Structure formats: structure tokens, C-alpha cells
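The following blocks contain the structures, represented as C-alpha cells.
Common to both upcoming complexes is subunit A, partnered first by subunit B, then by subunit C.
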Partner chain A sequence: MSNPVVEASPAAPAVTWQEGEALARKASARTRRKRLALLTAGWAAMFLIWQLAAYYLPFGVLPAPLEVGEVMWDIVVSGAFAENFFASVGKTFLGFVVATAVGAPIGYLMGRYDYWKAFFHDGVTVAGTIPALTYAVLSLIIFGISDLGPILSVALVSVPFVAINVAEGVRGVDQSLVRMSQAFGRSSRQIRREVFVPTLVPYVFAAIRMSFAVAWKVEALTEVFGGKNGVGFQIRSEYQLFNIDGVLAWMCLFIIFMLIVERLVLRKLENRVLAWRPEERVGK
Partner chain B sequence: MTATIPTRRSTEEQASAIPSWRRVLGSEVAARVTFYVTAFLLWVALAAAFERVPGPLSVVDSLVTEFSRGEVFSNFADTFYRFTIGVALSVIVGVVVGIVMGLSGLARAFFESPVLVGLSIPAIIWAFLTVMWFGFGDASPIVTTFLTAVPFVIVNVAQGVQGVSRDLRDMSSSYGVPLGRRVRDLVLPAVSGYVLAGVRFAVIIGWNGVLLAEWFGGSGGAGFRARYWYDANQFAGFAAWVILFVVVIVVLDQLVFERMARRAFRWRDAAHS
Partner chain C sequence: MAVLTVNDLCKTFGAGTARSNRVLDHISFDVRGQTFVSIVGPSGCGKSTLLNIISGVETHTSGAISVTSDDGRPARLGYVFQDPRLLPWRTVRKNMMYVQDKDDEVTRGRVDRYLDMVGLGKHGDFWPGQLSGGMQQRVGIARAFAVEPDLLIMDEPFSHLDAITARGLRAQLQDIWAQSKKTVVFVTHDVVEAVELSDRIIVLQPGGRIYEDITIDLPRPRRQSDPAVATLQAEVLARLEKMKAMTPQVAASV
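Let's turn to the complex of A and B:
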């Protein structure tokens, strides 16, 4: 535990409060620098392990990072990257649209009525534990090799997330606000639009952020089994050709893309959407 | 809720106004039963609408044949052997790394990126890579299970350790309590629930991993058998295996882990409700 305040050595006691503040600022800058160095060290260690493994393992088992980097560069330059990621992102997005359209009403019912809560409870919990493989292959059986399969599997995976979060949100709606609106004779439609929906939007958003990682993986998995294009399809083709560097290159692109979307896009958007709420987010 | 203010009645009056048949149908048990009936009807409807979706009768039929041939137990024995080793490894490694990450901010900075990368690698990639590296055999499913599950255990445990009372941690560090005692007396009791949640995640995610690796690495097991029927275009046989996968994981999750989780979080939930 490195706590600059607790563990700071009392060698140079601050005389005035300005000095104290300067010392504290210096200590926090030092921790920040240390953190940054270790963050870099984490990445460096990963590459080092990869490089060493590539060097010591028999030839062809694990290509070195640089070789994979070259393949990645080729993929990006040839335009295959943009084309396939665009296709996959489109399908994931459509899947989310379907999941929100189906999951939000289910969550609303679950949050408001005990009957529907009991009705959907088992389905939602079971749907959350089913292995992704099942969704991928079931979508394939239903739709065959088409773009609809990945959309369906994304929707199936995300619906429980959306439903659970929206239910949580409905239960979190300020009841005194609802009662006041009723007392002032607002119609139930107005209450729904002015009280419930604004409270629920952030929950839907949180659900999508939470399920993005899972959904994105399932989308790729479904494409592996029966896609015509997309990241998963490319990974599958490289695997069938036994191109380890091809698989690794697509994997790295997949990870980079996912980290960018998750860390930069979704988190920023969420912060903006949730900016009006001072209390911390509700999440699992 | 209408535009006019509803006339107020006591809850007892309201309850007695509901006819008894509605009370029975509106009970939670009835809701659950209705759900299962609806889901079953949905399945029948889907089977009727799509030619490729097998109906309940043919699925039960192939389930019975698989059981009578003894395929179910031998394949699940293989799968469970690999699954157990993979999950056990991921729990051991995950708990150790998670505790280190939770206790020290510097360790957290170091491990943050590798864990993040690990979280974002899908099981299918590990399945492909391990099949290409280790060939067909036990190694590929075990390693896939381990690698897919371990980041989730780490994240859960680290979160639990960070949640340990800040005051107690600061106090023990200012009084110079040795690390071993800090872990044993302060961290472990508070963290057991999170460790359990991590194990639960590992089980759910590892189950998917082991099945995928078996699907692509042809050396027996539940995933392999499901693929066998899938490749033969016998979707009834495939669906029978899907039902087995789902039943196994749901039983494991709901009957075993749900109860353990409730026990482990007793101290926390009791305080809140």
C-alpha cells in the first residue's frame, strides 16, 4: 500500500500550509509518475514474454510480435480491416437495437410488477449463464449462413443485461416523485415519459456498456461459425489455412478495437449521459 | 392510475376485492409455471416455423438414445476432468494475483493492462491457438479454460480486496502489521465473498471455453459430441447436447454457487436489508 499521506517520511516537516501543500503535490506527482512507469512496464512485460516465447518455442508455433505487426499493417493498409470491422460493428449495433427494444419493456415490467418479476426471473438468470457457443450455433441453425445470425446472437446475449438493468432502474425511480405527480393529477402516460424514461436511459446505457464486451465476442463467435464477412469470419479463414500469424494479427486488431471502444468511446459517452447524477453508478 | 385521483382504500380492502382465482393465477409460483409453459409453446412454434429447428419430441428422442448408448456419461467425464483442472488453476492464479493487485496500487498499475487485454480476448481465439499449438488432446481445453477464466477471477478478487475497510488497512500499515497477517486476518475474511463471485464467473466462462475448445479440438468430450451431431446435420442430436450443457451449468450455478454466495455475503446483505 503506497499511501503518500500515511507513508510519507516525516523528514522535512512542513512549516507553513503553503509548504505542506507543495510537499503533498510533489508526493502525488511522484505516485503518478510511478504509476505511469508501471503501466508501461505492464505492456513491456507482455511483449517481452511474447517475444521470448516466440524465440524459444519451435519455429512456426508462435510468430514474434514484429511479424504479427507486419501482418496487421497489411490488413489495415489493404482495407480489409475497415471493411470487416465495419460489418461486425454494424451487426453488433443492430443486435443492441433489437436487445433494447425487447429487453427494456421486459425490464420495465419486471421492475414494476411482482408478477412479471417472477415470470421472467428464471428466464433472465438462465439466459445469463448459457454458454455463448449455444447462442452462436442456434442462431446459425435458425438463419443459416447470413447476417441475421450474428444480430440474433448479440440480441440474445444482451437482452438479459438490458432487462436486469432496466428493472433495477425502475425500482430505483424516486417513488415520492411518482406520488407527487399522482397527487397533482398527472396522467400515467405523462409520469412514464417525464419520470420513468429520464431515470431509465442511463440504466439502458450502462447495460449496453456492460454487455458490450460479451456481445462483441459472441458476435465474432457467430461469424466464426457462419458468417459471410466480419472479424470472426476472417479469424476462421486464417485458422483453416493454419496461419497462426494471421489469427494473431486479427486477434490483436480485435483487442485494440475493443479497448478503444470500451475505454474511450463508451466510457466518455457514459460519463456525459450520467453527468447529472451525482451518486455513483449502480452496477454489478 | 388515471387522470383523476383514485379513491383511497386500505390495503386489506384492496386485497379482499381481488377474486380468489385471480389471486392464485397472480401468485409467483403461477407466474413461474406460466413462464415455462410459454417458453415451451414458443419452442414448439419456432420448430413449426423453421424447418431446421428440431421440435421437443425429436430432441427428447435423441436425448434418450444418447443416454442409452452411454455417450452422455463418458463424454461428460472427459469434459469435467479438463474443466475442473482449468478452473482450479485459474482460481489459484487469479486469487494470488488479485490479492496482490488489490493490496498495492503499484501492482495494480503493472497488472492492469495485461488483465485488460486478457479480458478482451475471446475464448474462440484461445481455442484456435491452443489447438494449433498443442494439437488434439487434453491440453487445449484445459489451457483454454484457464486462460479465458483467469482475468475474471483476478478482477473480482482485486475488487474485493480494494473494498476492504480503508481505515483498517491504513491502521495496519501504520502499525507495521506484517503482510502475511494482514492477508490472513483482514483481507481473507472480507474477501471470501468476492473470491466466490470470481469462482462463479470462472465456472460460467470456463464452461464456454472448454466446450469451444472441445468443439474444435476433436478428442472427445461434450463439445466434441455436440459438434459430431451438428456436422451430421442432425440438429435434434445437437439440441439434446445443448440442453445438457445448459442444464449442467444452470444446476451448478443456481444450486451450488447461488447458495454459497448467499452465505458468503450474509454479513453484508444483513446489514443493508
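Let's turn to the complex of A and C:
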């Protein structure tokens, strides 16, 4: 923490607030430019290493970025990408729905009652530390080649996140608002809908954001072994044809678009639903 | 209007534990009809606790309490808390509607009217987080008025507002009370305010006993400039000074 009293030099020239604002704007533009430059440098370094590796490795092992780029372009243009991408995203979100349906009540009980917390706590913690790969394998064993496998694996990975966050949220409910509601004679159903649920929403979003980072990888992994469609399935198909550039192209596309979903779609949705939070409005 | 009966009420927090804390000690009083009662007393003497018990959100340890409307229906309650207690995820207007039983034209009109009254007619669509603390407190006041309660409970509603706003709202409160046949239980630190508003002042002493129950028999509307008001204010203050002298360990507030 910097101490403003120490920092302000006694000889500092007086600035009008317009000048002050202009200075602040310039400073923030400068940091933005610096960050953008570093980001670009990072990507450039990555491509360079890829290019070099492709060049020095034996022919056919690792295709160069440009070749992969061409395949990516073909996949997108042919419409195959949209089709499989939506299949994968659809399964991921269905998995979330299942995870919320199972995890939210568990979290509610854990947050609300100490004895239910004792009952679930260790199970949820253990479930949260099991490697995601295990869930993928488990789903395959249960469902074999089916759309249900990826959905189950996403659900299994996400349930602990949802449960833990919802429990945290329930403990975060402002009791003074509950009392206010009771004083005005609100029913427990109204209190649940107007006080409990809105308190929980940010925690559920946090859970989805955290589990999404793991979930889409598990989803693709499960598809690789037991999918009938989706990006993971395409990766395996290309692999079986020894089509390395196909494998890489699908992988890159998937990574790029999942990052977009994570960074843009989820965050936008969150900002919208949580528009009431004062800090969310800053800078809009 | 409501009938409020408090009989031999005791409240002990953490009864039976090492931190057992007797907050209200054999309190008895009743209020009926169009009466304005103020409860004054030093900080921590149990005023908010008493209001919470009256409104049913806090349990009591022993004794009896009953709140009914004077025609025997369950009484409708309005509560202005010491803090605003708004739902941060609902707009100002939705906060007001939340405590209403109906969602029709008449109700919405009433809600807007009371928002106007506290000077926030243009802020109905704001989030509470966009309002200042005093503005939020005024929403809390409008919310309680807008349910048109039989019993209106107010816990230091004006203490966080500037003097001018507070004076305006005090006048509004008197008008509403005179017109709309309510029973009001009003907690305040401010003796001047208590004398100006009340028919009766119940003085709580530290430890939660009733020290005195003063009837204020002055014509309304009361003016600050009226010498009778000023005389009575001085007299009530003098009596509180006497109470402080008897309980020196809390010589601070009131």
C-alpha cells in the first residue's frame, strides 16, 4: 500500500482536474499498449518455436503453423467446425445443468446445516481432487460410445465446484435481510426467491467459471474415446487417418473458441446478470 | 391502528452460557389506538432488541407480547430499521414492491407517492448501490410507510440524515400519523425529537428496565418555537440527567 501523504511531493505543480484526467487517461493508455505489446510478443515467440520445431523434427511429425492454418480454414469454411463445436458446447452445458441440479442442493445443505456439512464435506473434497481423466474413463466405462459419456464427465468434474461455491454462498446470506423480510411478513418462499437465490447467483457463476476451465477439456477427452460427434470425435477421426495437421487444426480451433466462450460469453453474461453490483458498473 | 401489549418481558442473549447477557428486564407497557410512543435510552440498553421482539424477528426469554390490529385482525407491520436493509439486487421501486402483498395499479401508485414524499421520485429505477447512505435510509422509510401499517416501528430513522431533511421528514411523519390512524413505536436518541413527536416517552435505563414513562400532553401541531415545547424538552432532559447520575457507568450517551 502506498501512502499518499508521503508520495505527494510538496513542490508538485497545481493541476486542474481536466489536466489530471488527461494525465490519468494517458497513463492507462500507456499500460494498455505495453500489455498488448507483450501479448503479441508471447504469441510470436510461440509460433516461432512451433515453426522451428516443425523444421528440425523429421518430416511429417509436426506440420508447420501455416499448413495447420490452411486446414483450420478448410474446416471452418466447410461448416464442419460449427456443427461439431456446437455439439461439444451443447454437451458441456448439459453437463453443467446436471452438475447444478446435483451440486446446488448438496451445497445448500452443506451451507445451511452443520450436520449435512459433516456428511458431505469429505466426499466433496475428495471428488474435487480426483484427476479429471479419471472421470473421463469412468464415464466411458458406464456409457461406452454415447453422447451421455461427455455429459456425465463434465457433470462429475463440476459438481464439487458447484457444491462448494453454493455452500459458501448460503453462508454468505445476509441475515439482516432475512429479518427485514420476516418483519414485513414475507413467506419463506418469497425469502428464498428474493434473498437466497440472488445471493447465490454470483457464487454459481464463480463455480461455472472455475469448472469450465477444466470441463471443456474433459468433455473433449471423453469424446476422443467415446464420442459420436463433437470436436473430440473429429480429433480421433483425423488421428486414425494419421492426419496430424487435421488433429492439430481441430485442437487449435477448439482451444481458440473455448477461450472466447470463457473470456467473452461467460463474462458478458455475468456482468449482465450482476448489473446491480456497484463495482461491475465502474467504467461502463 | 394496533393494540400492543408487552407484559413482564425479559430477554437474555446466550442464556445459560458464560456470556449470558440480560438485555431486557421485566418490561411491561401497552399502547393502543392512535398513539405515538417514543422509546429513549442510552446506547446498548436494548431498544433495537425490544423492537425486534415486537416485530417477531427475535425471540424473547420470558413474558408475553401481543400485537393485534384494533379490530382483531393480525396487525400489519411496517419497520424502519436502524440501517436501510434494501435488497441490493432489486431497484428502489422493486424493493418497495417486495414488501407489498399486491402488485396492482393502486399499490404501484402508492409506492410512487411515498417515494415522491421522501424526495426520491426520480430514483425508482436506481440500484440501492447507486444511492447515498441517507438516500437509502429514506427508501427504507418510504418502504415502511407504503405498506400503510397498523403498527409502524421506527428505529432511529432520522439519525443519519442532515438536519433539514430530517426536519422535513419529521413533519411528514406527523402528518401521516395524524391522517392515517397508526400506532407508532419510535426509538430515538434525541430527546428534543421525542418531545416534538410523541404522546408518550418510555425511558429505558441500562440493563433494560423502564426508568420512566412520561406523558407528553401538548397540542398539535407542535412548533419548535412554542415555549411550552421548549420547557418540556428541558424538563425531560433534566430527568434523563438524573437517571445518568444514578447510573454513572453509562454517563456517555442519550
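Following the convention adopted for this analysis, the second predicted complex is superposed on the first by the 240 of 284 C-alpha atoms of A that agree within 3 Å, B and C clash if a C-alpha of one lies under 4 Å from a C-alpha of the other, contacts with A are read in each partner's own complex, and residues count from 1 in each chain.
In this text, a contact is a pair of C-beta atoms (placed from the backbone, for glycine too) under 8 Å apart; a residue touches a chain by one contact, two chains touch by 3 or more.
Everything quoted here is computed from the prediction, not taken from an experiment.
Looking at the shared chain after the overlay, A:137 reaches subunit B, while subunit C stays out of its contact range. Subunit A has more of its residues touched by B than by the other of subunit B and subunit C.
In the superposition on chain A, contact is made by A:182 with both subunit B and subunit C.
With both structures placed on the common chain, the touch criterion links A:239 to subunit B but leaves subunit C unconnected.
When both complexes are overlaid on chain A, the residue A:79 reaches neither subunit B nor subunit C.
When the two complexes are overlaid on their common chain A, residue A:58 makes contact with neither subunit B nor subunit C. Applying the stated touch rule to the two superposed structures, the overlap between the subunit B and subunit C interfaces on subunit A comprises residues 182-183, 185.
Looking at the complex, you find that subunit C touches subunit A at residues 52, 55-57, 76-79, 81, 83, 85, 87-90, 98-99, 127, 129-130, 147, 153.
Put simply, subunit A touches subunit C in their complex at residues 176-177, 179-186, 190, 194-195, 198, 275-278, 281.
The part of subunit A that touches subunit B in the complex is made up of residues 1-3, 6-7, 31, 34-36, 38-39, 41-43, 45-46, 61-62, 114-123, 125-126, 129-134, 137-138, 141-142, 144, 182-183, 185, 187-188, 191, 213, 217, 220-221, 224, 232, 235, 239, 242, 244, 247-248, 251, 254-255, 258-259, 262. Remark: subunit B residues 1-5, 26, 28-29, 31-32, 34-36, 39, 46, 50, 52-53, 103-106, 109-114, 116-117, 119-125, 128-129, 132-133, 169-170, 173-174, 204, 207-208, 211-212, 215, 223, 226, 230, 235, 238, 242, 245-246, 249-250, 253-254 touch subunit A in the complex.
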